[in-house]
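Input: structures, listed below.
Note that chain A is present in both complexes that follow, paired respectively with chain B and with chain C.
This part shows the complex of A and B:
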């Protein structure tokens, strides 16, 4: 048991180090919104409510239009919800086939996310820090959530 | 025309013989899109207008007990009885969603599944227009799913849950497939979560199965109800109430018997299930990272004298380990009183024991322990295996969830199931 805990600790330390390394080369995912969205920050719970289709409203009252960056989707939802894509897809299957909500729009690359977000007040997406452009407002680096998660799951 | 790029289709194309069903369906999509082309020609724009999605299950279920047929819900006329059947859980659904603009959308969903007539004739499961004037309000009208209990309106979508099938004690009895009516959803952010509620009203439509030869048309059954939900972090809680005024029309060899009994109003009233039912439910789901747990409870208050009040519920716990998610579920249904066996008028040409079978049909008394695992083969395909150990106590042995029962049945059944579930 102790050996397993130790192994977990080493794994967590390695992960944390890996994340730091990623953050340094601009690979960290950052939430982005339109400059006129009326928000400057977003909590993890608020992001879950929007991206998981619970309530598509930005804290400023505007209707939210979430956009997924398809190549980074697995990483994003792991950070947001600690779930695999299979779990996320199962969740959406329940909502989609009961006519409740549709999953976020899928963008194929960072340029598409930035284009959508720069042209729609309610749009919210995520891109890697190195891909940020002037037309969007960066909100929060998702490494923050990873650190929170690490902190909350550490023994 | 743009096909909405769906999350679960963004990965590289899956390979392998096991995916043939998905591939086949993908080949059918362009044809459907072409057919819809004339209507949608103008609908191309920056935002996608039409999406085509589907779900399906290929399943095999084996009941090791050869004295009673196990069914998934009361729409099914037969179930495995000492043998293996593929029709119990296999199904295919196709859904078209059309974004009309101006906050309007339309959805049509067809399902092919083993039905009351013993075939797989496709049926219209959903067909509604939705108006969402803002992000806090949805109004829908048309054909809608059965949303009496949490998860009930997605119980055909095997990929959306962990089990081979939803617990039969909870989702099997008194589950109609669909209603024609309207519903309204209101959402409000509260604390870190979202408080939302739904009100609905309409008429049930569709047919159930009494047994292999008799079906029951429930058209004309009125229902109205609602539920209130709070979702925060990993928690989802729901309270629900539905009032249902049941109307049944029996078709098959039993029908003349019912006509005969209808001439004796006192007797008929004692056996007829037609009257008001009050369905109360509580649901609690916890879903954080690898851990998933659910607790659902239902209480059925029945006004017809021949139908007892009943409790039903289940608790299910699962923990994901890599691609595997093992789970365990305990589910139950039990009547709160014995049904009254009606005094039938003497001298009528009635089969012996018919009075007992009327009351037994609505009296549940059983518990199931289920153990199983889901293996996520791909991001839109899962394999599942499950074993159900069912114990039906003597009062519940004539219950509507069992088919072709032998009189000496000891109330035990062991059901092995394997399914392949997918969405596309």
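This part shows the complex of A and C:
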């Protein structure tokens, strides 16, 4: 257990360092919502519940419409759920037949994400910090959760 | 024949071994059954745990999403398993889906908390699985039954193997030996063969021992046979001797019971075989008349001294002499060889008579007289009186000289006749030699008897004796008389006394008698 924990710590430290470098580069992924969505912040668990289909509404009560940025999907879910894209795909595949939950809408680039979020009150997506535009409200950089996660896992 | 278990070695040993194995098997089953049941129960539980493991991840997703559809599908899948009686998935406190009956025994329930797929610390629900205890019991029972059946089959197989081995190794060799023994002609020197493959083991040893015993017995039998033949031969020989012997041979006991006898015995004692074999066979003592008493005494003596003895027996009717040689025959019996010695006795007595008789006069001679007087005086009788008369002829020499010996002999014959006529029949008369005569009168103690006899004799001689038609001679006699008692006087003494009295008569003038008197001496 101790050895595993140590390995995680080293990995996370490396990731933190790398993201910091990205952040500096403006490559950090940032959650974005419609300015009228009624929310100004979102916890990581709330983000997971929305993107994994558990909650259909935003904390403010508006029906949620999550949007995936296809090119950054693997990085996003890795940061959000600590799972690979294959695991995420397998998760959604199990739910295909029940039809109760459906995966987020897929956008091909940052512009499409920004366009969907800017035009829908319940939409929630993610783009790189350098692609942010005025029509959306940035909520939180995913590096923060990583730091939180690092902090929470550290002890 | 009655009970095959008792009469068959293989069956008996098999029965015993099977019973032991069965007992052991039942014991093992009794011990193993609960263990098998526990094992099977645990195995069933593990299977159910495995089932839960299989569906856990998907169930966690269903709970995470609150997806009753997905939960229902999972439970449908679980319910296909026969050992599952019921199942349920919760999301939080809310029941997403349930199938079957969950109200069974508490022991059959498996609960597994469902954690969020994205947060291992957050419980999103629970899956509950109830096992079908009836089915599990059936399966446990089936498994136990299978194990028991296998064990039983093993026991039966083992029993059959034991029968086969016992029959092959023990019963068949023994039966083979037994059958061969039945048909064996031991007297022809036949031997038992060792069954193939048993040369080195106990069966082989048994056969060798039996053969050794047969050898021993056959040798014993042969020597016995030879002995018996020899004995038979001897017996026949002795039987022939016994049967053909001219001597009577018989065996008797002290009571005179005749135990066996030969044909000569029958002839000798004039007994018929029918008499002897009849219901009342004669005793030995019945056949010897008045000799029974003495014979019995001698028989006893022979047995008491355990020594052989010879007895002579006189049979008054029909006047025969028998010689019995008696030997103790053991166990209170006496073997007797009897011979008829009548002829021999007659010859002997004739010879004896001849020796003791004066051929001229037919009276006794000197030897006869001496025997007679010694018999009388040497006997056991005491105080029996007797008289002895000595007699010497006077002038006999003149007759001899003038008329010849023949005339002398005629005178002597004549005198003998006269004396015989005068004396009693029981009195003994002898001519001692020449013209000397003697008379022994047993039982006589009276003087007058003797004097009368002497007087009468002298009176006869007073007349001339007519020897033939032409010749007559005159002789006189000097007589001496002596008296005695048996046991009181010796033969020599009484003879001397009578002789002395006779010489006195001669001295006193001849032709007279003188009596010896003890006082006169």
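Assume the second predicted complex is superposed on the first by the 139 of 155 C-alpha atoms of A that agree within 3 Å, B and C clash if a C-alpha of one lies under 4 Å from a C-alpha of the other, contacts with A are read in each partner's own complex, and residues count from 1 in each chain.
Just so it is clear, a contact is a pair of C-beta atoms (placed from the backbone, for glycine too) under 8 Å apart; a residue touches a chain by one contact, two chains touch by 3 or more.
Everything numeric here is computed off the predicted structure, so don't read it as measured data.
Asks: So, on chain A, is it clash or fit between chain B and chain C?
Replies: clash
Asks: Applying the touch criterion given at the start, work out whether A:45 contacts chain B, chain C, both or neither, answering first, second, both or neither.
Replies: The answer is both, since A:45 touches chain B and chain C.
Asks: Classify the contacts of A:102 with the two partner chains as first (chain B alone), second (chain C alone), both, or neither.
Replies: The answer is first: A:102 touches chain B but not chain C.
Asks: Considering only touches as defined above, state whether A:94 meets chain B (first), chain C (second), both or neither.
Replies: both
Asks: Does chain B (first) or chain C (second) touch A:53, or do both, or does neither?
Replies: A:53 sits against chain C, while chain B stays out of touch.
Asks: With the two structures laid over each other on chain A, which partner does A:83 touch: chain B (first), chain C (second), both, or neither?
Replies: The answer is both, since A:83 touches chain B and chain C.
Asks: In this superposed model, does chain C or chain B come into contact with more residues of chain A?
Replies: When the residues of chain A touched by each partner are counted, B comes out ahead.
Asks: Given the superposition on chain A, at which of 9-17, 135-143 or 369-377 does chain C overlap chain B?
Replies: The one stretch of chain C in steric conflict with chain B is 135-143.
Asks: Taking the contacts chain A makes with chain B in one complex and with chain C in the other, which residues are shared?
Replies: 45, 48, 54, 81-83, 91, 94-95, 97-100
Asks: Residues of chain B touching chain A in their complex?
Replies: Answer in residue numbers: 4-8, 10-11, 47-48, 51, 53, 55, 93, 95, 97, 107, 109, 126, 128, 130, 134-136, 140, 144-145, 147, 151, 153-154, 156-157, 159-161, 185, 187-189, 192-194, 196, 231-233, 288-290, 320, 323, 376, 378-380, 382, 423.
Asks: Within the complex, which stretch of chain A touches chain B?
Replies: My answer: residues 43, 45-46, 48-49, 54-57, 63-64, 68, 70, 73, 81-100, 102-106, 108.
Asks: Would you pull the chain A residues touching chain C in the complex into a rising list?
Replies: 45, 48, 52-54, 81-83, 91, 94-95, 97-101
Asks: Please output the residues of chain C touching chain A within their complex, sorted ascending.
Replies: Touch residues, chain C against chain A: 58, 61, 64-70, 73, 117-119.
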